[in-house]
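Chain lettering (A, B, C and D) follows the sequence in which the chains are written, and residue indices restart at 1 in each chain.
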Amino acid sequence: MIHALWAMISDDLPALQIAMPLLAATLCIIVRRRWAAWAVAMFVAWGAVANAAVILHRVLTTGTISYAEGGWPVPWGIELRIDLLNALVLLVVTGVCAIVLLAAPRSLAAEVPEEKHYLFYTVYLLCMTGLAGMTVTGDAFNIFVFLEISSLSAYALISQGSTRRALTSAFQYLVMGTIGGTFILLGIGMLYMTTGTLNIVDLGNRLAEVGPNRTVLVALAFITVGAGIKLALFPLHIWLPNAYTYAPAVVTAFIAATATKVAYYVLVRFVYSIFRVDLAFEVHRLDAVLLPIAIAAMFAGSLVAIYQDDIKRMLAYSSVAQIGYMVLGLSLANEHGLTGGLVHVFNHALMKCGLFLVLAAVLLRTGSTRIEAFAGLGRRMPLTFAAFVVGGLSLIGVPLTVGFVSKWYLVLGALDAGLWPVALLILLSSLLAVVYVWRVVEVGYFTPPPAGAEAVTEAPFSVLLPMWLLIGGTVVFGVFTSLSVGVASAAARMLIGGAS
Amino acid sequence: MLDLVHLVLFTFLAVIAVAVIRLKDLFAAVMLMGIFSFLSACLFTVMDAVDVAFTEASVGAGISTILMLATLALTDSEEHPEHNRFKLLPLLAVVFTGGALLYATFDMPLYGDPSAPIHQYVAPHYLEFTGADIGVPNIVTAVLASYRGYDTWGETTVILTAGVGVLLLLGGHAVVERFRRRRSAGDEDGE
Amino acid sequence: MIEWGLYNYWVVIFLMMTGLYVVISRGNLIKKIIGLNIFQVSVIMFYISMGKVKGGTAPILEEGVRVYSNPLPHVLMLTAIVVGVATSAVALALVVRIKEAYGTIEEDEIRVIEGEEEST
Amino acid sequence: MTSHVILRVLLKLLIPLIMLFALYVQFHGDFGPGGGFQAGVIFGAGMILYALIFGLDRAREVFPPRLLEVLVATGVLIYGGVGVAAIFFNGNFLEYSVLSHDPVHGQHLGIMLVELGVGLTVASVMTTIFFQFAGRGRTDD
């Protein structure tokens, strides 16, 4: 019976990856009860992780998977196409979604009325579906459709923060995000106009035949700017600090680790699979634009982070800097550099999601995420605070953490490109991270809690577990790099080679 | 004849778009936006996109306008003009973006040119095989629901997301108030 | 017969940019949404323009008709219209909540209120 | 809403016609312009009109918000259900051809069902959104 079922669906896993969470989201509305909705979400989220793992395994063993939605062959129908690059991103998105869900009921109860939790889980699953949908699809317009699903649900999730500033942050994100999405739509329109197709592989091949022209150049510009807004590339990042600061804690943990990563994936996909290295970098010199911007982002994000008193906002600015590293990897356009950028998608998701869950725990116990709330936490919430320290070390890029791995490959990439000043700047910007992480560590271990402060206890297990799963991951994957770096470097080789 | 209609519609659309910038009265601006949508729908008909025209007329001129009016009833219907100082940066940004798009047009196929790439590849397949594959005369329906049915499922999900999003934002007013009170009674730094 | 050539695109670009200008230059939140709408509808016009074939008719199969306009941009834009109205609905709901929480829907006034909140 | 007698009487006659037109658009989409989305919007507009004329309370009695919520979900569920059903008939996701012995007939069936799902979701979402906006202005809720 089980075997028969498996034989039936085993070829349809790419489609089920999207279909199951989406159907589960609608089920959450129907069941309505808070715990039932959570159970449905948990079940399907962990199922999605398993599915993504099977897909990654299959891609590693048998190569790129192509799935024709509706049974219509390419280019007439929509294709799902999963290679090493999106298999990795898919695992990140589903994994983060499932792990954060563990902490959701406890953390949400403090911020969102219980009667609304079922709607919250619905939108949460929709957001995950949107992000996963953007990741697996092989069709340029389909990326736009799922981009809008994920964006709309992200706006709704962010607006659920407990202060009124969540509303204005969500609105600001909505306006910028819609402009970004529409820019991407315009860019896709221009590509379609010059080639007549929407399938990504087909687009790449036909674009190579057409060669450079003015419409293609502007399409590249619009897609870069549109994706730049969605991935919060400096100076288009202004929506991000507010959105991360005022969203509910679990939403920040989820969005910070997934939404910008998938936007980065989209940019990589367009640049390397559609425009491809010769058009994007040799003809149109995209690197001349992106490289300075990425370096500016690394420094601007870290510098501003140092002066923040709200730790949530501090980590948000740190994300701006980390996105700079990823884009740096993209714009180096060599194998080591791109490996560094791609592996940082995985690594940064681990550490940022873990760190934001630390903040969720602190918020739950002290009612604030401002730096004063951290006074004496090293003793009062030892496990939580230790997680912050490990995550912070990873942000800095200390050896044996994942942060080191990414920076190692970025430095190698910069040296390969003959840009040793860039390598130096990578190291220099890490020092800035030391400053802002140390500020918190100092307060946590060396500032005594204010006299008469309420007793604070260790965070509940349901928050500690996902937190340490992720923070533990930053050490495990910092030591055993074969999986993450292996997949990322193979993906980078494939992308630079021009095949997809 | 159709070209004349095309020209007149374009003129009206341009006038309306500029008027929206200037208008202080939000009620009038919303009505103009409804008219903008309706005129666009007419333009889509001229360009043979009857399904799109139908949708734009019912959504843009209908539902959107109703929602805008409902929002105006709950908020302000006047823009505060003192906030509209002239700012140079937005104008520069728009001129630059528009310039880039203008630059792009010079390698685009001319309007209506049957030899444009999009009329040579993929689309002819739909025109040729829809009859045999699907047996539905309206090719737009066939492509929408079958060839690109996955997109349309995504589109339906977008609508679902909007509905649930609005429920999250506006639903259960009393529930939210109770939650606020309970929270601020529990801890002082509630909000 | 008017030869549209590229003029058609130019008018559409003008409309697009007018919408974008309203979004980024006006401080009133509802005005911003109206601007977004105009921007999105103009992008739809851009797609529909490229689908037109001279002398063609609407892509509904009929006896005796040889030339049809391209149906694919129409299909894509049906989706885009839906995305537009969905975004508007969520944006308007946010505006209603912002009005309730701040008492205003002008960006500048909201910024002043938030500035005071931070300094206390 | 006690005045406007003429309006109310006229609209009472008009609303069934609007609903009928929505159904026509829903099921005639294969042949002419129209389909699930447009039909859903028209149907939603009919319900909104009802709420405008007879008041929100009565409209909520006719279309309870909870029912609308379930209908919103059902539409997407039908669409996805057709897709998953195709998998169980040994096809790909959303491959309607396998739903019947004759591929073209399967396509007809699939398109009709998914359009129904689209119409259902769109109509109920439009109504839900309007109810939420209209209900917001009042103190009780």
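The rule is short, and it goes like this: contacts are C-beta pairs under 8 Å (C-beta built on N, C-alpha and C of every residue); 3 or more make two chains touch, one makes a residue touch a chain.
Quantities reported herein were computed from a predicted structural model and do not represent experimental measurements.
Trainee: What are the chains that chain B and chain D both touch?
Mentor: A, C
Trainee: Could you give the separation in Å between the centres of chain B and chain C, each centre being the mean of its C-alpha atoms?
Mentor: 4
Trainee: List the centre-to-centre spacing of chain A and chain D in whole Å, with centres computed as mean CA coordinates.
Mentor: That gives a centre separation of 36 Å.
Trainee: Taking the mean of the CA coordinates per chain, how far is chain A from chain B in Å?
Mentor: Those two chain centres are 28 Å apart.
Trainee: Enumerate the residues of chain B that touch no fewer than two other chains.
Mentor: Residue numbers touching two or more other chains: 50-51, 55, 59, 63, 67, 70-71, 74, 101, 105-106, 108-109, 116, 118-119, 122-123, 126, 137-138, 140, 144, 146, 148-155, 157-167, 169-172.
Trainee: Taking each residue of chain A in turn, which ones touch at least two of the other chains?
Mentor: 22, 26, 29, 69-70, 141, 145, 148, 152, 155-156, 159, 164, 186, 192-193
Trainee: For chain C, what residues touch not just one other chain but two or more?
Mentor: 20, 50, 58, 60, 73, 76, 78-79, 82-83, 86-87, 89-90, 92-97 - these are the residues of chain C that touch more than one other chain.
Trainee: Indicate which of the five shapes (line, ring, star, complete, other) describes how the chains touch one another.
Mentor: Complete.
Trainee: Touching residues of chain B toward chain A in the complex: what are they?
Mentor: It is residues 100-101, 103-109, 116-123, 125-126, 146-151, 153-155, 157-158, 160-162, 164-165, 167-169, 171-172, 175-176, 178-179, 183, 187, 189, 191 of chain B that touch chain A.
Trainee: Which residues of chain B touch chain C in the complex?
Mentor: Those in contact with chain C are residues 3-4, 6-7, 10, 13-14, 17-18, 20-21, 26, 29-30, 33, 36-37, 40, 43-44, 47-52, 55-56, 59-60, 63-64, 67-68, 70-72, 74-76, 79-80, 83-84, 87, 90-91, 93-95, 97-98, 101-102, 105-106, 108-114, 116, 118-119, 122-123, 126-127, 130-131, 137-140, 143-144, 148, 151-152, 154-155, 158-159, 161-163, 165-166, 169-170.
Trainee: Spell out the residues on chain A that touch chain C in their complex, using ranges where they run on.
Mentor: Counting only chain A, the residues touching chain C are 141, 145, 148, 152, 155-156, 159, 164-165, 167-168, 170-171, 174-175, 178-179, 181-182, 185-186, 189, 192-193.
Trainee: Which residues of chain B touch chain D in their complex?
Mentor: 50-51, 53-55, 58-59, 62-63, 66-67, 70-71, 73-74, 132-138, 140-142, 144-146, 149-150, 152-153, 155-157, 159-160, 162-164, 166-167, 170-174
Trainee: What part of chain C is in contact with chain B in the complex they form?
Mentor: Residues 1-2, 4-11, 13-22, 24-28, 30-31, 33-35, 37-38, 41, 44-45, 48-54, 56-62, 67-79, 81-90, 92-97, 99, 104-109.
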